[in-house]
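So, here's a batch of structures to check.
After this come two complexes, each holding subunit A, first together with subunit B and then together with subunit C.
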Partner chain A sequence: MLGSSFSADTSGSRARSALAIFVAPLVFLMAVGFVWPLIQAFVNSFHLNTSHGIDLEHWTINNYLRLADPLYLEILLRTLRISAAVTAITAVLAYPIALFIARLSPRAQSWMILAYVSPWLVNTVVKALGWTLLLRTNGVVNTLLLQLGIVDTPLRLLLTETGVVIALVPGHFMFALLPLWTAICALDPALSWAAGTLGATPSAVFWRIVLPLTLPALIAGLVINFIMNMTAFAIPMLLGGVRNMVVSMLAYQLDLISLDWPLGGALAVTLLAFTLALVWAGQRIAVLGIAGRAAKI
Partner chain B sequence: MSLELVGVKKSFDGVRAVDGVDLSVVKGELFVLLGPSGCGKTTLLRAIAGIYGIDSGSVVLNGRDLTRTPMHRRNMAMVFQSFALFPHLSAFDNVAFGLKSRRVGGDEIDKRVNEALALVRLEMLAARYPNQLSGGQQQRVALARALAVHPDLLLLDEPLSNLDARLRDEMRVEIRELQRRLGITTLLVTHDIGEAFAMSDRMAVMREGKIVQIGRGADIYHFPANRFVANFVGPINEFPLTKVEQVSGRVLGLAAGELKVWLPAETADHSVETEPRLILRPENLRVAVTEGSTDNSFMAEIEDVVFRGGATECRLRIGALKLFAILPSADAAALRAGDRVTVGWNAADGVVTGAR
Partner chain C sequence: MILAFNIVMLVVVLAPVVLVVWISFTPTASFVLPLSELSLRWYREALSYPGFVDAFFLSVEVAAIASLITVAATFLAAYGLVRYSPKAAPALMGFFTAPLLVPAVVFGIAMLQFVNRIGLYNRLLGLVLAHAVLVIPFAIRSLASTLRGVPEELEWAAMILGCSRIRMMLRVTLPLCARGLVTASLFCFLLSFSEVTTTIFMSGPSLQTLPVRIYNYMSDRIDPTVAAVSALVVFISLALVLALNMLGAFRRTGSRLYP
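Up next is the complex of A and B:
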């Protein structure tokens, strides 16, 4: 729409060249900093790593077959398990929190949103250190649980998947919260009033009106949340340790320690394909949620 | 007796939106709340629906005290200015929503939804979604959705203001006919005077959270309680009265300090301290009449004549006093700017009110 209105304009070409000037630095940066290394990784992933460097003469899919190694599969499974757990907890918490915030005064809303965004503004290493203090055997969490009599012996939370999940939930919560909160605020309050005056109880208003109309926003947020969980590095590294290795740590090891760039490339390409498939699926669901009613006719 | 409001008050952050409203709406009547924006009429409607709780006072419907009843148990239905159709539900499901909330059985739902859609002549479009309907059709679905639940009270919040002018006139008649046919007690909020006159059995004019006058449209138009009402419901000519006295059984006043005018008989008790004003509707002025054929008549000069179709507007001057008259175009054909004519009116056509 925007493009066609630009070209229909007599000053369209000038507007387009002005646009190009503004976009060029970004395109350059993306091309040099992201696309080119990605192409490199893609090309490398189809060659063998030898003691003399990468053998660019011969093509092979050997690297991809090596990824099927049980050790690597276990790492992938663990990464998926942690990410899914974090996303599931986020999904459960998102509605109560977003609805609570949306009912506050505009001023209180901005403070609350700032509070939920703040974990993202803190350096992950500092955050991980903070979690170490909270989660260790004689840390705040265990002291509290022991004193309340909920557990008899301190829980082992550090260097476990549980600890990683606990730390990732607040760290990536905003990616689900922000779109959901925005969608809830954008709902015409008259919709809830109409439902209420027609006899729907407050919980029926939520299940029959608010939820169906804002679910696409939550799903969009959860997809981003899941991807962020999949790619998290510092938190799993510092709270999970090498015994709970995740894919990002494996990539670090392959590319920067073993210097096996072809295998690292194969891992990167596999993960990218997997993630893109997920984004696509998430968007399909979100779009279907919106357009489903039109499609039913 | 159907709806009884007693001393209803509602404030937002210390600002009084509704400031002590007493009102009773008769069963089967279409009652209009009329007022400028910000007068509290929509707040009052929402308070009746239970969307807002009220600070004090009571809401009683058919003898049931609903003051503390949550909105979903009041058995009212509301049509919103934005229509508030559920965008993810078809027209059918929108109309069925209230019935499902009331746990009506499936066959009964089908029957009543089709009935309601038939009332607004939309049976054919039951499967459509709100974004596939025109503004007028959306309005009809919203109305059908409200009627389907057989509410004890129908609340309409500026239901026509989102429609274009022609459609608005059509829907005015259509809603009125439906309301009469079903005999459903209805409260309608509007700032549109024409809508209020055309649709209401009775109306209340609101200002700053209070009701200023309640009555039939014609009474409010011809006998406004004060200057605000007079001015709000139609154009007026207004003159301050500096003297009001009884002269041989009739009432004589001095308008604008220079015109001796005969006033309606019932205005004798207006003292000069209330800053009384003489208010004249422009269509009550007779232009180019024979001197003496009306109680009051003066020589005036025509400043401007504006043809408006069936009616013609005429601006006149009596000395320095400006007057605005509206007369049937048939009577105005000969009038030209600059003509000197006699302008007159009968004493009973004027209204005397205080300044407020």
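Up next is the complex of A and C:
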């Protein structure tokens, strides 16, 4: 009785106004600090940059056309190449690691996950410093390789695309590992056991049961991983250098050095549209994957 | 085989952080490993460099204000969403977690143009606003799950006994959520303290947080001083991570802080 009298309260107009009061401060914060800035950049991207500021009188799509410059396309291509390489390596590494962690005791699992997550919580500049010290010509990696006799001359890793990829893989590995590990833990152990009793080898159990059931989770993680690679700033800047410019460094150049905000805004809008399209596609793949299997069963 | 593979991966993930800490104790001006002896020479150097000290206090200030604002506003919103469960709840939840979908570079560009437009460029308020928004998605997820764990019956009981809703929230809900509030605040603080990209784009020359100051220093030169200050950042971040772990923040059933 009491419960019902209170819950009746939740559907009335009084409840709606109470809800509005509770939600209002956060909606305000988001409106001012998130929606407005994005709209500002969006609006700026449709105006021309002049010597005395942005010309807000006239609308134009010129900035978007300027983004099709061959020089910018080369930068975009390099960004996609690096990001795809990192995501591909991550995809290969994710299963062995996630399966291994999922088989440990709950306590060991939480420590392993913490070990993979905590570097993400240390800022990227510190990690970039660490990778610089590792990858330099006289750095730790080259010293080890020379001492072990694997190479005769030090490898050039710093200020190359390879160096950026090497540093980004562990930096963003967690984004793929966490959803995959969660999905593997959520699998019913009876499935693998049942397959085993029917004569499936462990590799058959992996390829025909574990992989199809957890692939959507991995794909979701890989999409995030790819976006993070594409928009990383400090690692490509400090390890790749301006010779290996990626999109985020171009954005820095346009917005803070050339001070061409309309063009920078156009780049931001394009990047955001691309990101949202990727997230949407990733979710479609995940949903279709599940629906497709359900249809087969 | 698979164990060795995992150990290698873990080493690769942890190597840069561990190396920075290890090398920061070098007694010499070079980066030769292994160290002949441990020394705090470069820590003294780092702590006597005003640029780093100022930036550290700015970082703490921004992180503290931003996480307080966000946790306060988010707690109210989470209460509204969980207790009234309106039809709009999924849409509002999607809105509040939207900053996760916007890459830091894009948000940095947008913020730069916005703070210039409204005259907040190079001002603390602009930077705080950016950091507050960036941590909202983590705060709302964690606080919503905290509130779902508080039995509504206790709130009913308090109100039947004559508490007003505000008094009930202060005397019943808030104390029951204390742990969740501390967890969310610490996590928001940690995220803000580690934020690099957005801050580099929008903060302005006189508002360099510690990571930005380290970044600018590193763009110029790399010496053990920057390793020492980086190691201090690692210690602070690690202490916060361990505190959060003790609060149960990283348990899978816990407050869902993971992205």
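Simple rule for what comes next: the second predicted complex is superposed on the first by the 268 of 297 C-alpha atoms of A that agree within 3 Å, B and C clash if a C-alpha of one lies under 4 Å from a C-alpha of the other, contacts with A are read in each partner's own complex, and residues count from 1 in each chain.
As a working rule, a contact is a pair of C-beta atoms (placed from the backbone, for glycine too) under 8 Å apart; a residue touches a chain by one contact, two chains touch by 3 or more.
Remember, predicted model here, so these are calculated numbers, not experimental data.
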For A:T201 in the superposed arrangement: first (subunit B), second (subunit C), both or neither? first
With the two structures laid over each other on chain A, which partner does A:T60 touch: subunit B (first), subunit C (second), both, or neither? neither
Contact-wise, after the overlay, does A:P212 reach subunit B, subunit C, both or neither (first, second, both, neither)? first
According to the contact criterion defined above, which of subunit B and subunit C contacts more residues of subunit A? C
Per the contact definition in the header, classify A:T137: touching subunit B only (first), subunit C only (second), both, or neither. neither
Is A:D188 touching anything from subunit B or subunit C once the two structures are fitted on A? First, second, both or neither. first
Intersection of the subunit A residues that touch subunit B with those that touch subunit C: none
Residue positions on subunit B within touch of subunit A in the complex are 46, 49-51, 70-78, 80-82, 84, 86-90, 97-98, 101-102, 127-129, 131-132, 145-146, 149, 155
Which bits of subunit A are touching subunit B when the two form their complex? 188, 190-191, 193-202, 204, 208-209, 212-213, 293-294, 296-297
Going by the contact rule set out above, which residues of subunit A touch subunit C in the complex? 2-3, 6, 10, 15-16, 18-19, 21-23, 25-30, 32-34, 36-38, 40-41, 44, 93, 96-97, 99-101, 110, 112-119, 121-134, 139-140, 143, 167, 169-170, 173, 175, 178, 182, 185, 224, 227-228, 230-234, 237-238, 247-248, 251-252, 255-256, 261, 264-265, 267-268, 271-272, 275-276, 279
Touch list for subunit C against partner subunit A, complex: 2-3, 5-6, 9-10, 12-20, 23, 31, 33, 69-70, 72-74, 76-77, 79-81, 83-86, 92, 95-96, 98-99, 101-114, 116-117, 129-130, 132-133, 136, 140, 156, 160, 165, 190-191, 193-197, 200-201, 211-212, 214-215, 218-219, 222, 226-227, 230, 233-234, 237-238, 240-241, 245, 250-252, 258-259
